[in-house]
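Each in C-alpha cells, the structures are laid out below.
What follows is a pair of complexes built around subunit A, which joins subunit B in one and subunit C in the other.
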Partner chain A sequence: MKLVQNVPFFCIMLSMFSGTISSVLPGKWARRLNVVMISLVTGMTLWLLQYLVGSGIGSYTYMMGHFPAPWGNELRVGLLEVVVALFFSVIMLLSLLGGRKKLDGEVEATKHNIYYILCNLLLSSLLALVYTNDLFTAYVFVEINTIAACGLIMIRQNGRCIEAAVRYMIMSLLGSGLLLLSICMIYDLTGHLLMENIQQQIRVIMEAGTYRIPMLIIIGILTVGLAIKSALFPFHSWVPDAYGYSTVSSGAILSSLVSKGYIFLLFKVFYRVIGFQHIADSHILNLLFLFGLCGMIFGSASAIWEKDIRRMIAFSSVAQIGYIYMGLGLGTEAGVIAAIFHVLVHGATKSLLFVSAIGLTDVSGGSRSFFEITGSAYRNKAAGVGFLVASLSMVGIPVFSGFVSKLLFAEAAVLVPNWKLFPTLIVLAISTVLNAIYFLKTIVRIYTPVKQEEIRAKGYFELKFPEQKLYCVTIFLFVLVNLILGMASQPIIALITEGLHHFA
Partner chain B sequence: MSKPIPEEEYRKKPLTRLLQWVGGEIDPFLETMETQKQQNQKPNERLIRKHRRDLDTVISMVHDQKHNKVYKLFRRFYKVASVVCCLALIAMLLTAVSYLPPVGAADNPSSNEVAAKYIEDGLQDTGAVNIVTGMILDYRAFDTFGESNVLFIATCTVLILLRSDKKKDKRQEEAEQRREQHYEPKDDSILQRITFLLFPIIVIYGIYVILNGHISPGGGFSGGAIIGAGLILYANAFGFEKLNRFFTEKTYKWISFVSLSFYCLAKSYSFFTGANHLESGIPLGEAGAILSSGLILPLNICVGLVVACTMYAFYTLFRKGGF
Partner chain C sequence: MGGNLLVNYGEAVAMILFGIGFANLLFQKNLIKKIIGFNIMDTAIYLFLAEKGYIAGRMPPIVVNGIQDVEAYINPIPSGLVLTGIVVSVSVSALMLSLTIRLYKRYHTLDLDEISIRLRKEGL
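After this line comes the complex of A and B, so read on.
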C-alpha cells in the first residue's frame, strides 16, 4: 500500500484531532488551526485524486485497523468519493473565510473556539460519510453531523436561531431515528453491516422472495429518513429559519454541505447497499421523482413571496434539492450523473449566494428586508458581483455552472424510456422561469441606483476593497469555482461518470 | 431485673428518642439541619391582570382563532393528520417486525461467520476476555472513536447553549449568589453523611469497572457513568464550592482534551500500522490479567474519563450555567 492511499484516513483523523485540540485553544488560534487543517485536507485530497487518475486504479478499500472487512471497519475510496470530498473541503474553507468577519458580531468571543470545534468535526463527519464502507459507521457520523449542525445554528443565540435549532433538531432526529431503524432491520435480515456483504445477501433474499414486504418497508423508511434530513419538499419546513437566521458561514455550510452529505449517503445506500435494480423495482424512485418536481415548483414559489433576502435564498435551496431528487428519480445513469453534478453546482452556488447576500445587507444598515437593499451592489461591489454570478448560475445562464446541470437534466429526461419525459421537461421549464423571476428581480433591485441624499439620510456606507480584502478574495475564488464548473464541465462529468461505474 | 436509671439518662437513650420521634414529640433535625420557612406568597393582582391582557393581545394578534376559518381548518387538519401519520408509521413498522426472523433462532441471518469469528477468535485477536470490549475497542474501534466524539460534541453544544459568558457587575453577582443559595442544597446532614460513606465506594467501583473492562462486563462507558454519578452526588451534598477545589472547568477541559487526544493518536497509530500491514508492536499480554490486551485498557480509561466528565459537565451546566 502506498502512502498516498492513506489520505482518506489522514483527512478524517486530522479533522477530528483538530476538533479536539481546538477545545483548549483560544478562538484566534482555533481559527488558524481550522484554516490550516482544511487546506491540508484539500491538498491531500488533490494528491489522492491525481494518484487515482494517473494510476488508473478506479477504487480500493482501506482497512481501519488490524482486522479485515466484515470484522473491522473499512473505508472505500473511489474517483467519485474523492471528487466529492475535495469539493466539500474547498467549499467549507471558502464558506468559513467568507463569513469570518461577521462572526465577531454574531457569536460571543468566548465561544469562537467552540464554533471551530463544530466546523472541524462537521468536516470529519462529512468525509467519513463520503468514504465509509460500513453502514453503522455511517450512522455514527450522521449523529456527529446532526449535533454539529444543530450547534452551528444555535451558536448565534437569539430567539429565532434557538427556535430554528429546535425545529431542525426535531426533524433531523426523526430522520436519524428512521435511518437507525432501517439499519437495524437490514442487519436483522442480512446479518451484515459492510455494504458489499449486505448487497450480496439482499440479492439472495430478493431472488428467494422471502422478505419482500419488510425489504420494501426498509427501503421506504431509509429513503424518507435521509430525505427529511436533506430537506426534500414535504419535509422542508425547517429550512428557511435554519438557513436564514444562523450565522453566514453556518447558513452556507448547512445548505451546501450538510444536506449534500446525506444525499451522497442516499446515493451510496441505493448503489452499494441495496442495489439500484432493487430500488428501481420498488417504485420508491417514482415517489422521489414526484416530490422532487413538487419541490422545484413550491420552493421557487415560496421564494418569490419572501420579503427577506436570506430566507429567499433558503427557499431556493428547497427547489434545488428538488432538482437533485428529480434527477435521481429518473432512474437512469444519465439522471444520476446530472444529480451528482448538481450537488456540486448547488453547493458552490448556494454558499456564494449566502456569503454575498451578507455583504449586501451589511451596507444596507444590516436590514435583510428586500426593500432596504436597493442599490446595495454599488455600495459593496464585490458582494454585488458575487450575487450576480450566483444568481445567473442558479437561473441557468450559459457560462455559469447552473446551465450545465440544467442541460444535463434535460438530456437525461430526453433519454428516459418511460412517462417521466414530459413532466421533467415541463417542470424544468416552469422552475427555470420561477427562478428567473425571483433572482432577476433581486439583481435589478440591487443594481438600481439610489440618490446620494437618501443614502446619507439612512446612514448607509460603502465598503471598498481595502476594507474587506479577505471577503473580496473569497468572492473571487467562489466565482472562479463557479466558472470552472460551468466552463470546464466535461472533465468533471467524465470523472463523475467513471467514478459512478466504479461506485456500483 | 433492670436497675432504675435517672430520667435524664433515660431521655437520652436512642430507643426513647426514636419512640419520641415516632410519637411526634421531638424533631431530631430541628437544630442540626438548615431549614427554611415556607413563605406565604401574595398574588400580585396587577401583574396577573397585565399578564393576562398581554396574552390575550398576543393570541388575538398572532392567530385570531375565532374569525380565522383557514386557521381553524388547519388546526383540525393538523391534529387529524398527525394522528393518521403516527398510526400509519406504527402499522408499517409493526408489519415489518412481524416479518423479521424470530429473536435468537439459531439459523438467523445474523448468526453468521462475523459473529462466529468474534466469539471464537476474539480472545486470541484482541487479548480481551470480555468479547464486547474487544469488539468495540479493537475490531470496530473507529466507530467507538466516533461515539466518544459524539459525547464531546454534545457537551460543546450544551456549552454553547447554557454557559453564560457575559461579564457580570457586582450587584448581579450578588443577586445570583443569593439565588443560588436559595436553591443550592442546605447542609443536609443525612445526605452529607451518606455521601461521605458512599462517594469513595462509588468512585472506586467506577474505577474498578473501567480497569476491568476487558476482563469482566463493564468498560469505559459504564464505569465513566458511575464516576460521573458519584461526582453529581458529591456536588449535591456538599455544594459546588467544595467540588471546585478539585474539579473546575479547567480540569474538565484538560481531562477531555488529553484523553481524546490520546485516543486519537493511539488509534491512529494502530489504524495506520494495520492498514499498511505493519507490526504494531503492542504486546497483548496474558489474557485475564489487568495489564493485558494491548491498547484496550488505556482506551477504556480514556473513554471512562470522557464519559465521567461529560456527565458531570451536563449536570453543572444545567444547574448553574457554568462550572
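After this line comes the complex of A and C, so read on.
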C-alpha cells in the first residue's frame, strides 16, 4: 500500500482531531487551525486525485483496523468520492473565509472556538459520509453531521435562530429515525453492514424473487429519510428559517454542503447497496421525480414572493434540490451525471449567493428587506459582482456553471426512453423563467442608482477594497470556481462519468 | 401473514412503538413531549434490533465457561449496534433538551407554535 492511499483516513482524522484540539484553543488560534486543516485536507485530496487519475486505478477499498472484509470497517475511495470530497473542502474554506467578518460581529468572541469545533466536526463527518463503505458508520456520521449543523444554526444566540435550530433538529431526527430503521431492516435481510456484501446478498434475494415487499418498504423509508434530511420539496418547511437567520457562513455551509452530503449518501445507497436497477424497478424514482418537479416550481414561486433577500436565496435552494432529485428521478445514467454535476454547481453558486448577499445587506444598514438594498451594488462593488455572477449562474446563462447543468438535465431528458421527457423539459423551462424573474429583479434593484443625499440620510456607507481585502479575495475565488465549472466542464463531467462507472 | 405476525410479535410491537414515537415527534406541540416521542422512536428500533439478534435458547455472547462454540451464543452484532445507537440518541436528546431550556427561558412556554407566533410578532 502506498502512502497516498491513506489520504482519506488522514483527512477524516485530521479534521476530527483539530475539532478536539480547538476546544482548548482561543478563538483566533482555533480559526488559524481550521484554515490550515482545511487547506491540508484540500491539498491531500488533490494529491489523491492526481494519484487516482495518473495510476489508472479507478477505486480501492481501505481497511480500517486489522479485520478483513465481512467483519471490519472499510473506507472506499474512487474518483467520484475524491472529486466530491475535494469540492466539499474547497467550498467549506471559501464559505468560512467569506463569512468571517460577519461571524466576528454576530457571535461573542468567547464562542468563536466553539464555532470552529463544529465546522471541523462537520467537515470530518461529511468526508466520512463520502468515503465510508459501511452503512452503520454512515448512520453514525449522519447524526454527527446533524448535531454539528444544528450547532452552526444556534451559535447566533437569538430567539429566531434557536427556534430554527429546534425545527431543523425535529425534521432531521424524523429523517434519521427512518434511516436507522431502514439500515436495521437491511441488516436483518442480508446479515451484512458493508456495502459490497449487502449488494451481493440483495442480488441473491432479488434473483430468487423473495422478500419483494420488505425490499420495497426498505427502499421507501430510506429514500424518504434522506429526502427529509436534504430538504426535498414537501419536507422543506425548516429551510428558510435555518438558512435565512443563521450567521452567513452557517447558511452557506448548510445549503451547499450539509444537504449535499445526504444526497451523496443517497446516491451511494442507490448504486452501491441496493443496485440502481432494482431502485429503477421499484418505481420509487418516479416519486422522487414528481417531488423534484414540484420542488422546482414551488421553491422558485415562493422565492418570488419573498421580501427578505436571505430567505429568497433559501427558497431558491429548495428549487435547486428539486433539480437534483429530478435528475436522479429520470433513472438514466445521463440523469444521474447531471444531478451529480448540479450538486457541485449548486454548492459553488449558492454559497457565493449567501456570501455576497451579506455584503449587500451590510452596506444597507444591516436590513435584509428588499427595498433597502436598492443601489447597494454601488456601495459594495465586490458583493455586487459576486451576486451578479451567482444569479446569472442560477438562471442558466452560458459561460457560468448553471448553464452547463441545465444543459445536461435537458440532454438527459431528451434521451430518457419513457413519459418523463415532456414534463422535464416543460418544468425546466418554467423553473428557468421563474428563476430569471426573481434573480434579475434583485440584480436590477441592487444596480439601481440611489441619490447621494438619500444614502447619507439613511446613514449607509460604502465598502471599498482596502477595508475588506479578505472578502474581495473570497468573492474572486468563488467567481473563479464558478467559471471553472462553467467553462471547463468537460473534464469534470468526464471524471464524474468515469467515477460513476467505478461506483456501481 | 397473520401467523407470521404472531410468531414475530416482538418486531410487530417494535414497529407499532416506532409509529407512536414518530407521530409524537412530528405532531406534538409541546417540546418535551416531542423529545419523549423521539426517545420512544429510537428505543423501538433498539427493540427491533435486539429481537433480530436473539436466537432462542442461546446464551449472551460472553465466554465464561470456556465454551467457544459459535452455536452456543446469540448474534452479538445487533447488541453492538444498539450500544452505538444509544450513545447517539443520548447525545441528541441532550442537545434537544438544552435547546428547549433556552427557548423556555426566553419565552416561558414549551409550545413550539406559540413561540413561532411570538417570533413573528416581534418581527425579528
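Rule of thumb we're sticking to: the second predicted complex is superposed on the first by the 504 of 504 C-alpha atoms of A that agree within 3 Å, B and C clash if a C-alpha of one lies under 4 Å from a C-alpha of the other, contacts with A are read in each partner's own complex, and residues count from 1 in each chain.
Note that in this section a residue touches a chain if its C-beta (ideal position, glycine included) is under 8 Å from a C-beta of that chain, and two chains touch if they have at least 3 such contacts.
Owing to the predicted nature of the structure, the values given are computational and were not obtained by experimental measurement.
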> Can A:A410 be said to touch subunit B (first), subunit C (second), both, or neither?
Replying inline: neither
> Which partner does A:D188 reach: the first (subunit B), the second (subunit C), both, or neither?
Replying inline: both
> In the superposed arrangement, does A:E143 touch subunit B (first), subunit C (second), both or neither?
Replying inline: both
> Hey, is it subunit B or subunit C that touches more of subunit A?
Replying inline: B
> Which holds for A:N158: it touches subunit B only (first), subunit C only (second), both, or neither?
Replying inline: second
>> Which partner chains sit in contact with A:L121 here, subunit B, subunit C, both or neither? Use first/second/both/neither.
In response: first
> After superposition on the shared chain, which partner residues are touched by A:P214: those of subunit B (first), subunit C (second), both, or neither?
Replying inline: first
>> Quick check on the superposed pair: does A:L173 touch subunit B, subunit C, both, or neither? Answer first, second, both or neither.
In response: second
> In the superposed arrangement, does A:M206 touch subunit B (first), subunit C (second), both or neither?
Replying inline: neither
> Which residues form the common part of the subunit A surface touched by subunit B and by subunit C?
Replying inline: 136, 140, 143, 147, 150, 154, 181, 187-188
>> Looking at the complex, which residues from subunit C come into contact with subunit A?
In response: 18, 21-22, 25-26, 31, 34, 38, 41-42, 45, 48-49, 52, 77-78, 81, 84-85, 88, 91-92, 95-96, 99-100, 102-103, 106-107, 112, 115-116, 119, 122, 124
> What residues on subunit A touch subunit C, complex-wise?
Replying inline: 136, 139-140, 143, 146-147, 150, 154, 158-160, 162-163, 165-167, 169-170, 173-174, 177-178, 180-181, 184, 187-188, 193
> subunit A touches which residues of subunit B in the complex?
Replying inline: 92-93, 95-96, 99-101, 108-115, 117-118, 125, 138-143, 145-147, 149-150, 152-154, 156-157, 159-161, 163, 165-166, 253-254, 256-257, 260-261, 264-265, 268, 270-277, 280
> Any idea which subunit A residues touch subunit B in the complex?
Replying inline: 1, 6, 9, 13, 16-17, 19-21, 23-24, 62-67, 70-73, 108, 110-111, 114, 117-118, 121, 124, 128, 134, 136-137, 140-141, 143-144, 147-148, 150-151, 154-155, 157, 181, 185, 187-192, 201, 211, 213-214, 217-218, 220-221
